[in-house]
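Letters A, B, C, D, E and F name the chains as they come in the text, with residue numbers starting at 1 for each one.
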Amino acid sequence: MGSLLVISAHAGDFVWRAAGAIALATSRGDRAKVLCLTFGERGESAKAWREGGTLEEIKQLRRTEAAAAAGVLGAEIEFLDAGDYPLLESPALVDRIVRVYREVDPSVVLTHPLADPYNQDHPAAARMALLARVLAQAAGYDAPGEPLGAPPVFFFEPHQPEQCDFKPDVLLDITPVFGAKRKAMECLPAQQHMWDYYTDLARRRGVQLKRNAGPNLGLPHTTMGEAYMRLYPQVTDTLS
Amino acid sequence: MGSLLVISAHAGDFVWRAAGAIALATSRGDRAKVLCLTFGERGESAKAWREGGTLEEIKQLRRTEAAAAAGVLGAEIEFLDAGDYPLLESPALVDRIVRVYREVDPSVVLTHPLADPYNQDHPAAARMALLARVLAQAAGYDAPGEPLGAPPVFFFEPHQPEQCDFKPDVLLDITPVFGAKRKAMECLPAQQHMWDYYTDLARRRGVQLKRNAGPNLGLPHTTMGEAYMRLYPQVTDTLS
Amino acid sequence: MGSLLVISAHAGDFVWRAAGAIALATSRGDRAKVLCLTFGERGESAKAWREGGTLEEIKQLRRTEAAAAAGVLGAEIEFLDAGDYPLLESPALVDRIVRVYREVDPSVVLTHPLADPYNQDHPAAARMALLARVLAQAAGYDAPGEPLGAPPVFFFEPHQPEQCDFKPDVLLDITPVFGAKRKAMECLPAQQHMWDYYTDLARRRGVQLKRNAGPNLGLPHTTMGEAYMRLYPQVTDTLS
Amino acid sequence: MGSLLVISAHAGDFVWRAAGAIALATSRGDRAKVLCLTFGERGESAKAWREGGTLEEIKQLRRTEAAAAAGVLGAEIEFLDAGDYPLLESPALVDRIVRVYREVDPSVVLTHPLADPYNQDHPAAARMALLARVLAQAAGYDAPGEPLGAPPVFFFEPHQPEQCDFKPDVLLDITPVFGAKRKAMECLPAQQHMWDYYTDLARRRGVQLKRNAGPNLGLPHTTMGEAYMRLYPQVTDTLS
Amino acid sequence: MGSLLVISAHAGDFVWRAAGAIALATSRGDRAKVLCLTFGERGESAKAWREGGTLEEIKQLRRTEAAAAAGVLGAEIEFLDAGDYPLLESPALVDRIVRVYREVDPSVVLTHPLADPYNQDHPAAARMALLARVLAQAAGYDAPGEPLGAPPVFFFEPHQPEQCDFKPDVLLDITPVFGAKRKAMECLPAQQHMWDYYTDLARRRGVQLKRNAGPNLGLPHTTMGEAYMRLYPQVTDTLS
Amino acid sequence: MGSLLVISAHAGDFVWRAAGAIALATSRGDRAKVLCLTFGERGESAKAWREGGTLEEIKQLRRTEAAAAAGVLGAEIEFLDAGDYPLLESPALVDRIVRVYREVDPSVVLTHPLADPYNQDHPAAARMALLARVLAQAAGYDAPGEPLGAPPVFFFEPHQPEQCDFKPDVLLDITPVFGAKRKAMECLPAQQHMWDYYTDLARRRGVQLKRNAGPNLGLPHTTMGEAYMRLYPQVTDTLS
């Protein structure tokens, strides 16, 4: 049984960008855990601020919504409440992430890409996710649990991929679980305009997936996809 | 049952760079076909020229050796005898390659990377291999057989990878068939210094493969590897 | 009064990728001319081939449809019938393009990007379009008309932008003419699945356009966009 | 009426690299504000140190000179006195920059490029300028004023452009204001060798500007230019 | 005694871009040979065409001027008269270049960089220069003389370096021979505006050279430089 | 007499990656100093941790071994004991490095490349080494000694070069001192598997060195090499 660890800067990121991968994992019986470094309370809650919410109310709102989305996907979720906009990198925060790695022992890791000129919290989260992964591998790092193996890392798709040097090298077929992804998106009512935007994106990535797969695979007319980039080379015993 | 098509500029390239992938394919029962555009009679036969061979003798020698190596790997081999140094790109040669695609209907394609400042025949072969693949996909292209699907393309490793913008994104475990690769290399006696060079390289790629796989996979101490780059995104229903 | 020259490999490319820019130009009173190097008779007419059309019938069909689309956009259209799949580069074809440059004297040029691993005709068209532009600038080049100035060149968006190193650096607001673009797309019935695909894309580029423009510009909720890349630096007397 | 915000690491940077853009803005009636994070007191005042100045004297000297140069250009200037060599990034300093953004509400932002192997203060200033811009956009960020729009960001030219991955994508015609730029440079007597160096550079960029504009624009023989790079895509309703 | 081979597209290129390297070589007693593939009769002789020269007159003029410049630098010069704008790549032309390599047996090769969006003859010349070098190395290539060694290749500086992906990695001190370079430039009266332009460039590259050399080398106040890029790694027994 | 400064993250790095360059320097009579920011006590001592060593014991062990290796190479060694995994960047640590620069006044600097997805301590060390170098150049930086010149910086080879954007641009012939490198490696018994790995690498880099040098140099059959990348352009008065 595998386990999937998703590390994101804000509470909603995992839904738009990786809900398909999460639902595929849990539908196979794998464990999936989402680690949100912040609630996105300052940077991604414009509507709530305009409506006059307090900081605590907004955090609570985001927590509730994200937890509901995780529930739809069959995933655990944990919030580190590290404060966003800016998300500050620190040894203490990295250490908390190391401990999550050691506890979850993931077979696959998902996080943000390393460049995003529209949102510096995203690369900050990615840098900490990657640093913590390497620290967790060291026998000499002082944290509970066994040294981590070498789980592959995939970057999920940012909002403006070309501006973030995001060149998809994996197209994941999420057709069987797209219904769950849509439901998870609908747990985030403040960003309703994103529901269709990311449905369109899944359809577009699906078209590209079919074109790269070729007609012989017999994929359905409406194939839905998510795009990823690998950080490390793929290890395999079969080219395909 | 799959089929592997390897398109290379010269007669020996497939041995040093892809013998592991070929032997893995044939050991699984897949068909493997090697298409050599030339014999490497001018550019890669310095020893034979120094010993006074004629052009025809050298071609025959290279053909015999390469055929023996293919035999060890269980692969078919075909020579287009297009002339090397320089390998000239032409519509007629591309058309011949299209026909091979249509006949073999490969599930996987291997060829040279697109940059090589030490040998322009290599990128010329790669450009033709890629052009022919796309032409073979077109219903309107006038050649026997059905339109090709969209087989993935992998670039195999050049002699000086960093100078050829070769960044491995797939590490292939060839441990079970490395013996066959070594035997195939030994079919090419004029390049004996390469036997150890490419054995060392397989060991180095194996070390990297183990490091990227992590200790949990339980790979053997001496894992042997080959490195590849994908041209197109991987299509999959599982991240791993 | 300006003039826009669009140089594309196949008959349909200008519709999906640049119809908005064309319609904006003609709605301002500029001349717009589309130069199709081929009809896309082999590479982009799979449906017609499956239905048993002859080469000439398919060319005629594509010509009729593309001419209708150009008509909707208010643009002239010319076909060089150079043969596609593969589109072969030749001095004679380049010379014909030079003559079009000299005749149109464009103030802006649009063409394909220089990389496309899915369709080598596209970069071939782009290379010839760029070469012809530079030849047309030379006083010593033997063709009728005055030496060309230095019109800026924009690459329009390919089907899989990230795989073609396409990083948008201009987002063009095509909202006022999107209706015309949709009508032009509907002139190409064989590719009906593309109508919605490129409508979605226009919406996505519109969302990005609004995000890069900021809220202060007061752009409408549904802004439609097309993405372009510049080949040469922008020349301006105002940063904005 | 627009407003231009120039954020630089040291007191002199805005003169060599962006005086033309500033003078163009103020000559159009726009507001222009220069924000110097430091005086360049340690890293860019070698002559004053060799002459035995104290830290405070050198800061005062740089302040006086830079203020004079800003005066010539019609710009406001503010110094944050954050300490240079090294310029340390901190949340407190970023917060101060956010407040400047909210107060100025710029329509255009200029800063250093993100790479400079000769001076790490420059990319540090750029990173903070970009982070502060994104923070200032957030409704939830706790600072006076309205959330910022999305002003475009331009990187100005570093001393050794090719070593800083600086590829000009905007060439700005500063011919009408070059006299003011020269006068502003002459306010910095300690770096007299730079006056001619940056006059030459303006001439060189002017030659390139003319070549990219073409002969039809009728630019004067001695066109003077400044080079910039965009961080975000250009938003426009006209390709030109 | 070494030998320098300079391969350029047009008759004047070697003067603006490499005269310093040539003069340094000949002043050391090395042989230097300039190989001009064309006279630049169409693409770089706008003034002569405007004055009504015939093709033959213009070729003769360019030949005379370039020969004079080579004479000033102490270099041999040969013209292949292959026709410019466009310079067409062909096996026959490459073969002629191979024979020059075999005859000269250069210890160093200079040519154009591989990208130039303003002049496609330049990369065409470079591609042929590089292909011919590799062919000349092959024992099996049928041309007089001994197989070539592996002379390093340097790309000289194009007119708009940043637009040609030209990142200098060698700064050559040409101070002692700059007088000869200026005289060689003055042999080309039709391009008088270039004399100062390339004098300024030499001064700018000299300033950068001094900055990269550091103050300890005691270089003169007015150091003059030329910039180059290496194609292949430097081979050395000392890091410096 | 020159001086070489090697700045590395952990105690063993200089042996695997730069022992050849160090031994060449000392064999010429140059001073060589190795500055280890940490002992690699947590990240690179897995064996010792598994055997139950304490932190202090492990540090002491690494210090002893590294000092022995430095002794074999004729180099001084200093440990800053800054703590590894993670190596934290701080102004205080950078200041200590500045002081070493001012004291050693190196003519050449070696350090890690700036990217390494397997070990973030390596780029952290490199960033500090580069920042300290620039600070040490400033007359206004408050530390004993004279302002530093501009010593060239070379990045040594990481464990998985292609994954670290490491493209060798200098191949250093270490044949005469390879015996010393091997002995230095053998001072690190816990990493015995590295001895052969880096001997193989030296042989591979030697083969490439010979291929880039060409046959005319008469290099011995078994040439051993180390690969480096330059950060700054080479300054020279001879192309070779």
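Following the convention adopted for this analysis, contacts are C-beta pairs under 8 Å (C-beta built on N, C-alpha and C of every residue); 3 or more make two chains touch, one makes a residue touch a chain.
Please read all numbers here as calculations on a predicted model, not as lab measurements.
A.B. asks: Return the chains common to the contact lists of chain D and chain F.
C.D. replies: Neighbours common to chain D and chain F are A, E.
A.B. asks: Give the fewest steps needed to get from chain A to chain C, where each step moves from one chain to a chain it touches.
C.D. replies: Graph distance in the chain contact network comes out at 1.
A.B. asks: When you check each chain against chain E and chain F, which touch both of them?
C.D. replies: B, D
A.B. asks: Report the chain whose mean Cα position is at the greatest distance from that of chain D.
C.D. replies: With centres defined by C-alpha atoms, farthest from chain D sits B.
A.B. asks: In terms of contact pairs by residue number, which of E-F, A-C or A-F shares over half with D-F?
C.D. replies: Looking at which residue pairs coincide with D-F, the repeat is A-F.
A.B. asks: Starting from the mean Cα coordinates of chain D and chain E, work out the distance between those two points in Å.
C.D. replies: For chain D versus chain E, the centre distance works out to 37 Å.
A.B. asks: Let me have the rounded angstrom distance from the C-alpha centre of chain A over to the C-alpha centre of chain E, please.
C.D. replies: 52
A.B. asks: Can you pull out the residues of chain B that are in contact with at least two other chains?
C.D. replies: Chain B, residues with two or more chain partners: 118, 163, 168, 208, 211, 232-233.
A.B. asks: Treating touching as the only link between chains, describe the layout with one word: line, ring, star, complete or other.
C.D. replies: Contact map by chain: other.
A.B. asks: According to the definition of touch, which chains form touching pairs?
C.D. replies: A-B, A-C, A-D, A-F, B-C, B-E, B-F, C-D, C-E, D-E, D-F, E-F
A.B. asks: Which bits of chain F are touching chain E when the two form their complex?
C.D. replies: 2, 4, 21, 24, 28, 107-108, 110, 148-152, 154, 168-173, 208-209, 211-217, 227-228, 230, 232-240
A.B. asks: Which bits of chain B are touching chain F when the two form their complex?
C.D. replies: Per the touch definition, chain B meets chain F at residues 118, 159-163, 166-168, 197, 200-201, 203-204, 207-208, 211.
A.B. asks: Considering the complex alone, what residue numbers of chain A touch chain D?
C.D. replies: 41-43, 45-46, 49-50, 58, 85-86, 88, 117-120, 163
A.B. asks: Given the complex with chain E, which residues does chain C contribute to the contact?
C.D. replies: Checking each residue of chain C against chain E gives 91, 94, 130-131, 134-135, 138-142, 147, 231-233.
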